[in-house]
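Below are two complexes that have chain A in common, paired first with chain B and then with chain C.
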Partner chain A sequence: MNTEETILALNKRFPALEATSARPLRIFTAFAAPEEFEKTLQYAFSKLDYHKGKHIVGTDEGENIGLSYILSNDENVLLVLRERVPKSAPHVRSMGELFPSLMLHEREMVDLFGVQVSGLPEGPNYPLPDGWPEGEYPLRKEWNPAYFNKQTMTYEPPKEEDAK
Partner chain B sequence: MGLLDKAIAWGEKKSPWIIHFNAGACNGCDIEVVDALTPQYDLERLGILQQGSPKHADVLVCTGAVTLQTRDRLKQIYDQMSTPKFVVAVGTCACTGGIFDSCYCVTGGIDTVVPVDAYIPGCAVRPEAIIDAVGKLLATLDQKEAKGK
Partner chain C sequence: MSDRNQNERNNKVVVPIGPQHPSLKEPGSFKITLDGEKVERAVVEIGYNHRGIEKACESRNYIQALYIIERVCGICSHAHTLCFCQAFEELAGLEVPRRAHYIRGIVGELERLHSHLLWLGVAAHEIGFDTLFMYTWRDRELVLDLLARIGGNRVNYGVNTYGGVRRDLEPELMQDILHVCDLLEEKLKYYADLALTETTLIARLKGIGVLTPDDVRKYSAVGPVARAAGIEGDVRVAEPYGVFKEIAVNVITDDHCDVYGRTLVRVKEMLEAIRLIRIMVAQIPEGPISVRAPRKLPVGEVLSRVEAPRGEDIHYIRSTGTDMPDRVRVRAPTEANWHGMSHMLEGFQLADVPIIIAAIDPCYSCTDRAIHLIGDGINQLTDWAQIRALSIEQYKSRGIDPGSIKVREF
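Now for the complex of A and B:
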């Protein structure tokens, strides 16, 4: 399925996605509603033949964390499906059953952004090193690397009294 | 300098054996290290052989900015090498941390973990630079031997 056919099919099934293509072989969509997002991934997999999970890009957007799932088909079209989860309770379901290659990227989201991914098998830290303190997510904007002690592997922000 | 020390110094100078360790490099410098060892540049013609075990190596050739995950491994490998031993930092990341310096997951250069004898800057280093550094390192060994006498 080529770029135009994918856009037509996506916009017919999920009009809110507003799929567009600014350049050949690239399709971008608006942020999907949380309850719709999983359906869009399943639809892309089963109906549009996007069988390859290429990447997940995470972005800290302040109150939310943006997740962009990049899929591809045999015609080398890249389809970007996006969703937002609240930073206070970031939770998504693992897409590893449909796209096994995305599981590594889901682990990155867990380690670097603190996204809870249900259905993801237990495993070691990735890509953070062994012994990394729990609850510290280095790609969140409020996390300051200057306060991280690499020798003791502890995060020590200054107390409010010290800052004054 | 005793007879055994002289023999070791002679052997190191004539045929320093190296072990290559990637401490979180992007693989660019690693490819250049392999390039320097293999037939096109052929460092082996100078008696420089790559070894799989640190216990057999005289020179630790390191690439990468040293991630927190590799930090302890690098120290362990260095500790396993018998003395006298030398460390060569290959690439800008290995010398200073490069663009990864101050990143949350790197220590910022080989010399933050083990003492370094030779620095080879470059991103990625050219094999000619590696050969030049090896030549200078061998000259240093010559000088050390001369001082020993």
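Now for the complex of A and C:
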């Protein structure tokens, strides 16, 4: 299924996604509603034959964490499907059964953005080292590497009164 | 019951390999559960090279970020900067001059040559064929010398910049590139013949680390690993970029689906790289090598990809309209090839583990997006004559006189 056919099919089935393509072999979509997101991934996998899970790009969206799942098919189209979860309680379900190649990237979302991924099989953390302080997620915008002490593995931002 | 008790009860042994181990020169941890000598289960643990390169890019401007991206990997640094520059140029709407595309293409194929020669040597070393290891690493020096002449450095050449390249190729240098291609072609044909006829090598590599076409789809494997299973995935053909919009690439595939197939694909890809370099040198147009690039990018996001030596390299950039990227994500080819690693190991012998791991040509730094600076800034260059003199001195100290050995001239 080529770029145009994919956009037609996606927008017909999920109009809210507003799938668009600014250039050949690329399709970007809007953030899907949380209850719809899994359906869009399953639809892309089973109906549109997007069977390759390329990777997940996590983004800090202010109050939310964005997850962009990059999928591909045999015609080499890169399809970006997205969901957004609140930073205060970021939780998604693992898509590893559908796309085994995304599990490593889900682990990355856990470590770097603090997203809880239910259904992710037990396994080693990736990519942060053992002893990394709990509750510190380095790819969130508010996390400042200048306050991280590599020797003691502690994150010590200045207190508000110090900053003043 | 704990895993350990369960294993003891079933007479299974868990062998922890790594993170530091003699098999590969980068850190990776593998927990191998054995039933006798047979690998029953393999758990791969990576991430030891993570240095936060993406976070580092987000707090620097695009010019600074390019220098960091160059250091994602020591082997395929050109592929990473090319991918990043392409993403920048797409968002900025820059038209790169044709001559720059050709120079990028020549350096990219030279990089593929040195990467595959390095891999062939590592693979030979893993199976105890150290003569081949020494031959290929010696031959690789010819390519590294060329790259050093082009960019002033053996691995991080600094050729790419936004809007083109930073280095032009003089006619004399291009003649030397062709001369090295002639020398290498002769050797590569010998290695190809060796791979097709040397019974020990074939017996050691055939039928191990199997990844079928269905597995490749399931685990989204890329590059020579996928092409050795007959999957024609090559970004230079699937989504031609730069010079490959003008010059067609013959995609090399194989149907062995194993480590042997991956070896054949890489050896043949080197011969194809030489063919492409000759065409590019013959057809390179005159003209400028770069256009002026803006410091800031307009608001937007872009996904760029190129065919690195190890496979499809994908870079994502999101811009909020400033001179610094809001988000950078590097999906290196090795990261894609780790997913199928446990599957490739399971069912084979413990002795096959090093070569099966090596057969994806793993780059831990790429996977983890590392940046690691070493040394104190003092440059040191050792040429062939000095290396030879040092080795003679070392052998003489052990009572051996290698003075009569003749070094083959290149």
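The rule we apply is simple: the second predicted complex is superposed on the first by the 164 of 164 C-alpha atoms of A that agree within 3 Å, B and C clash if a C-alpha of one lies under 4 Å from a C-alpha of the other, contacts with A are read in each partner's own complex, and residues count from 1 in each chain.
We adopt the following convention: contacts are C-beta pairs under 8 Å (C-beta built on N, C-alpha and C of every residue); 3 or more make two chains touch, one makes a residue touch a chain.
As the structure is a prediction and not an experimental result, all values here were calculated from the model.
Undergrad: Quick one: chain B and chain C on chain A, clash or fit?
TA: Aligned on chain A, chain C clashes with chain B.
Undergrad: Looking at chain A, does chain C or chain B touch more of its residues?
TA: Counting contacted residues of chain A, the larger count belongs to C.
Undergrad: Does chain B (first) or chain C (second) touch A:Arg93, or do both, or does neither?
TA: It touches nothing on chain B or chain C.
Undergrad: Identify the partner contact of A:Pro138: answer first if only chain B is touched, second if only chain C is, both if each is, neither if none is.
TA: In the superposition, A:Pro138 touches chain B and chain C alike.
Undergrad: Under the stated touch criterion, which partner chain does A:Met153 make contact with: chain B (first), chain C (second), both, or neither?
TA: Only chain B is touched by A:Met153; chain C is not.
Undergrad: Could you tell me if A:Gly123 is touching chain B, chain C, both of them or neither one (first, second, both, neither)?
TA: Second partner only, chain C.
Undergrad: Where does A:Met103 make contact in the superposed view: on chain B (first), on chain C (second), on both, or on neither?
TA: After superposing on A, A:Met103 lies in contact with chain C but is clear of chain B.
Undergrad: Let me test your reading of the model: by the given contact rule, A:Arg13 touches which partner, first (chain B), second (chain C), both or neither?
TA: Neither partner.
Undergrad: Applying the stated clash rule to the superposed structures, which of 38-46, 326-334 or 380-388 from chain C runs into chain B?
TA: The segment of chain C occupying space taken by chain B is 380-388.
Undergrad: Between chain B and chain C, which residues of chain A are contacted by each of them?
TA: 127-129, 138, 145
Undergrad: Would you mind writing out the residues of chain A in touch with chain C in their complex?
TA: 23-26, 28, 51-55, 57-60, 68, 70, 72, 76, 78, 80, 99-101, 103-104, 123-129, 138-139, 145
Undergrad: Could you list, by residue number, the parts of chain C that touch chain A in their complex?
TA: Going through chain C, the ones touching chain A are 29, 43, 45-48, 50, 52, 54-56, 59, 90, 217-220, 233, 235, 238-239, 301, 303, 305, 314, 316, 318, 326-327, 329, 331, 335-336, 338-339, 368.
Undergrad: Mind pulling up the chain A residues that touch chain B in the complex?
TA: Per the stated touch rule, the residues are 127-132, 138, 143, 145, 148, 150, 153.
Undergrad: Touching residues of chain B toward chain A in the complex: what are they?
TA: 67-69, 102-105, 107
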